[in-house]
Amino acid sequence: MAPKLQIACAGLGRMGARHALNFHNRTPRAELVAAFTPVQKEVEWAHANLEGVTIYTDYDEMLKHPGLQAVVVATVTTAHAEEAIKAIEAGKHVLCEKPLSTSVEISQSVVDAAVKKPHLKVMCGFSRRFDASYRDAFNRMDNGQIGRPSVFRSQTCDRLDPSGFFVAYAEFSGGIFVDCNIHDIDLALWYFGQDSIVKSVVATGITAVQPELRKHKDVDNGVGIVEFWGGKVAYFYSSRMMAAGQHDMTEVIGTEGKLAINANPTGTLVELHESTGIRREIPHDYYGRFEHAFVTEANEFTAACLDNNTLPFKLTGAVQAVKIGCALQESLNSGQKINFDETGRRLETSRL
Amino acid sequence: MAPKLQIACAGLGRMGARHALNFHNRTPRAELVAAFTPVQKEVEWAHANLEGVTIYTDYDEMLKHPGLQAVVVATVTTAHAEEAIKAIEAGKHVLCEKPLSTSVEISQSVVDAAVKKPHLKVMCGFSRRFDASYRDAFNRMDNGQIGRPSVFRSQTCDRLDPSGFFVAYAEFSGGIFVDCNIHDIDLALWYFGQDSIVKSVVATGITAVQPELRKHKDVDNGVGIVEFWGGKVAYFYSSRMMAAGQHDMTEVIGTEGKLAINANPTGTLVELHESTGIRREIPHDYYGRFEHAFVTEANEFTAACLDNNTLPFKLTGAVQAVKIGCALQESLNSGQKINFDETGRRLETSRL
Amino acid sequence: MAPKLQIACAGLGRMGARHALNFHNRTPRAELVAAFTPVQKEVEWAHANLEGVTIYTDYDEMLKHPGLQAVVVATVTTAHAEEAIKAIEAGKHVLCEKPLSTSVEISQSVVDAAVKKPHLKVMCGFSRRFDASYRDAFNRMDNGQIGRPSVFRSQTCDRLDPSGFFVAYAEFSGGIFVDCNIHDIDLALWYFGQDSIVKSVVATGITAVQPELRKHKDVDNGVGIVEFWGGKVAYFYSSRMMAAGQHDMTEVIGTEGKLAINANPTGTLVELHESTGIRREIPHDYYGRFEHAFVTEANEFTAACLDNNTLPFKLTGAVQAVKIGCALQESLNSGQKINFDETGRRLETSRL
Amino acid sequence: MAPKLQIACAGLGRMGARHALNFHNRTPRAELVAAFTPVQKEVEWAHANLEGVTIYTDYDEMLKHPGLQAVVVATVTTAHAEEAIKAIEAGKHVLCEKPLSTSVEISQSVVDAAVKKPHLKVMCGFSRRFDASYRDAFNRMDNGQIGRPSVFRSQTCDRLDPSGFFVAYAEFSGGIFVDCNIHDIDLALWYFGQDSIVKSVVATGITAVQPELRKHKDVDNGVGIVEFWGGKVAYFYSSRMMAAGQHDMTEVIGTEGKLAINANPTGTLVELHESTGIRREIPHDYYGRFEHAFVTEANEFTAACLDNNTLPFKLTGAVQAVKIGCALQESLNSGQKINFDETGRRLETSRL
């Protein structure tokens, strides 16, 4: 019997539970051997749903689990970096949920730790990189079907959650550009090339439904433009107030064509004809949209660890993405456009 | 000033009023000079809406209108043939609403009258022949984009009208296959070729919402198959109970491709994202779907009369279509499949 | 550790290999312990891809595999019934690919065998029953969203395979109505109710691309109508010559609305804007369309065996579906409509 | 006979010819009595296509045409304002193509002239205001179907014209934000309210296919953000390099829903299924998309003149739109964000 990757899951909240189940049930070459959560309710959930998995309430203890080879970090964002670094230092492969941190410096510290252990696979969980549609579009672009990609539009739009959850969440999320558009930024870097250098960043936003977000310097609808040196431009939209559900979409516009990913969102393949017209439903949250991408992510990360394959993208990109996200968030709050020179060094914002 | 076609409109009911307005306002080379209706309310409507047009309550009088060159016949179906023949005999061009008659023999009598006046333009108003989408699809087929057309699917589906109108209407409509699918049959003859010969006809149907239709030997949902000699087959659906609106659609399936016309019905280009999903409305009736086709029909008929152009299709096709429609209706009621030989002669339906 | 269902896979051809992999890798509660194939090349494939699974070249030997609890039968259609019956008699749960047999009598013999072992789970693999979209549509219908379902339209349309494969295949497939439309028939029975009684059956078809199919009494495009007692009608289309790919779709038309499943086929969520317009690709084969349904099928069958749950549908339905499919195929070849009385007993087809 | 509006058309180029034909043939209550063009080829076209219309090669002479009541100004943009003012001073109603001018001051001078003749109807031809889809969306928003409109996204994207036409055109067009996005800006003012006050403007752009545009300080792809006081934000995209055709679309995002207009562009209702997938074509230019809106515009302008109705929108909006367009174009070229106070007064751009 080929040995399976012995993996642990840190965090069993909304996202952690999904990762744990995916590694437990839908990743044939991995074996989920351990999980960590400090939350009693989640411990109980684990006992009921993760048969045969050792549950820890102390992260450091979990790292000592015999034979452990890899860790998926899916705790709260503020804990990502520290736990990832500890795992790296303990010699474990790491799949860390995005973002590594809402701070550029802290994100970089994860990269620094990983650099010291080049035999380890350390990946930031940009799930859209594993989505079949994004991959199909990338391959078409790569094959020249749209000429030279020049304009990139992407949005991450969540369904309206009237519970107020996002207000509390905003205290630690890093803001809408870091929390939501980080995905779109990462996609732009993927499609435009990871070596793209930002020329300018500007953003604005409003609080249409949750004015209390302002106390965390956040908004519920944000628009930003990121210019790259070399004649490329990306623009982003993020929102917390979509009525119909999650609508994440992207357009890659080239000199000879355009690729649209999810311009027509849909859930199942069902359309209902009723007296008010024709209606279809769309996924209510990002997991509804990207569930299969998460499963692919788990399987490909596992294969990379076991077979010593190159990961599909570099960890440094996660720092780039946070850097751009933070600059957008800063511009949102300062009202200033931020400029960078051709080496990527930030210029003084304003001059007379 | 180039002379305009002096035209009159017989009938100012639902469809007649539309024809009258189209010739009055949207057909630059025609002048609506007269209209006929025996209905007082419609006379009043005409005085308010058809400025400068002489209104007659006697059809024969209208035919004597000085300078009259053409007549559009848009009265009740039972009057079509007689009025068309009178107009032909009076030397007028005729655009007759479909069907010429619900009887094959009476339909043929219009053709016979027209044959005697070869200089006149006599056309049956198969409006879909003038629709931009159907023409686009036909041209693509004609250009070989789908190989050899082999299977034809077409439906005419009306919005549910809970008023019971269709029950009364069924007394004279000829039945759902003659009234609704006549359009689809005509399209099949257009796309497959006007010289196609029917091999067999079979139909069935149900009364899902209007059981009283049975007293007129009609149904509210009908399905039929028409086989043609030479390896072609068409199948049809008609319904009176669509919730969302009018959904007339067609597929032409060839050996190398397929053309779908209105598979995705839509009204305006607006989509509404709301808490129950994404919704669009569709036209509520056939005029909402085919308004522009009717305007094109008016203009092309006018041009054909003025310039002595060949009409886009032959009058004999209208008899063919009624013949097939009547055979479907007969099959619906007899439960028997009806067969024809390679010359189109009906074979004895097998009976014990 | 909860015990897993010990399952074997009979047949490792196109479909068998997929079932084997699904039970091996994507069905957490099952363990694929054995597989059978008489084909040397497939044995080799199994050694490379089914690690830890015992491979048999004799079906009877495989049935004796220690601890075996269940068998998935995915060999050629002609072997389905015999192998299923043997497995049942050996006390194994059975998931048998559709159809049980192309013969009604032989299909019934599987049911008869299963009846004698009521503790066993015996299911015919109608994969669309496990598809998320079909289930969503069914639930909406069941919740009354379209009123009373009355008209059912469904098609199974394969991509054109110019290799001629389907000609050879037609010798044993039972014909296009039994091979393709069997799915649509099963769906009609699901949506209309498993107790629906057929009133009449009529079919026609053509050989547009593969005239040699006639030697097996088959066609490459078939159209059929099935009338049910109680005012319901279903009509079906099947084709072997779709240019763009697999297009299986269904409409359920009720008195207050309509459900359309896959009216707008799509593969990924990508649209390509290019100089010739906007283009999207669709799945090339039925597995591309229904892959997730097969995975769900494997998991639900496994759960039913382990937990002694009721299967989602009855085995007798598989006989009903074959019976209707065979009647359509017979009508295609005889040119006769076939009628049944209200108890489902066939009436004499009228003959001179 | 009710008197018809005696109207003249200034300019018979691409757009002028369309206006002339629309007033000549498709505006029943108007009579095109005169037209002006200094171009000999256009004079010839007019003699062939505008029967009965007096053709002038001198604009001032045309204004003296006996009985003339109204003028549609459709010459080159640089002539719009002067000709409009002359017509106003001569007591004619004016429908002036957009923009009044690429200069805010000159645009304002048209408004000033119109103010002095309050009995005249003076309208800037924002054709999208007359489009059935935009009107449908506006009514839905106005009826509260999406809550409070908060974010507005709109794009005007032309098909790639490899002839280089747009480079020469850019010398006088005012730039892509004034030429293309002016429509989107006008729509934003319509949907957000004509009294909306701009808070900030920022833009960027690239020359992906036509680097020579830089000599006219223009780009072929532009992105801009316009913030309004009161918590509203609009963002715009314009492009000259769409492969598939014209794709003008808009989203209005409210606190309870979203309206999308033309998210799924389409030409006819035909879809072609071929070996490379499913394809549809879209209009190649804006007239293909908005033809019916131009006809509606002609008819409603005519009705407003004849019946002394209020025009559907105010002339001052045309100055607002140009002002915003010019600010976007300035920001594109300066690289600076431009801010405005709550009264709309421009603030110093940069501060230390």
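So that you can tell them apart, the chains are marked A, B, C and D in the order they are listed, and the count of residues begins at 1 in each.
Basically, a contact is a pair of C-beta atoms (placed from the backbone, for glycine too) under 8 Å apart; a residue touches a chain by one contact, two chains touch by 3 or more.
This is a predicted model, so every value here is computed, not measured.
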What pair in B-C, B-D or C-D shares over half of its contact pairs, by residue number, with A-D?
B-C
Contact-richer chain pair [A-B vs B-C]
B-C
For subunit A, which other chain has the most distant CA centre?
B
Quick one: report the Å distance separating subunit B from subunit C, using the average Cα coordinate of each chain.
41
Using CA atom averages as chain centres, what separation in Å is found between subunit A and subunit B?
56
Sequence positions of subunit B contacting 2 or more other chains
146, 242-244, 256-258, 263-265, 267, 273-275
For a test of understanding, state which residues of subunit B touch subunit C in their complex under the given definition.
146, 148, 150-151, 153, 160, 200, 202, 204-209, 221, 223, 225, 227, 231-233, 235, 237, 239, 241-244, 253, 255-258, 263-264, 335-337, 339, 348, 350-352
Enumerate the contact residues on subunit D facing subunit B in the complex.
1-2, 24-26, 28, 51-52, 132-133, 136-137, 140, 145-146, 256-265, 267-275
The residues of subunit D that touch subunit C in their complex are 242-245, 247, 265, 273-282
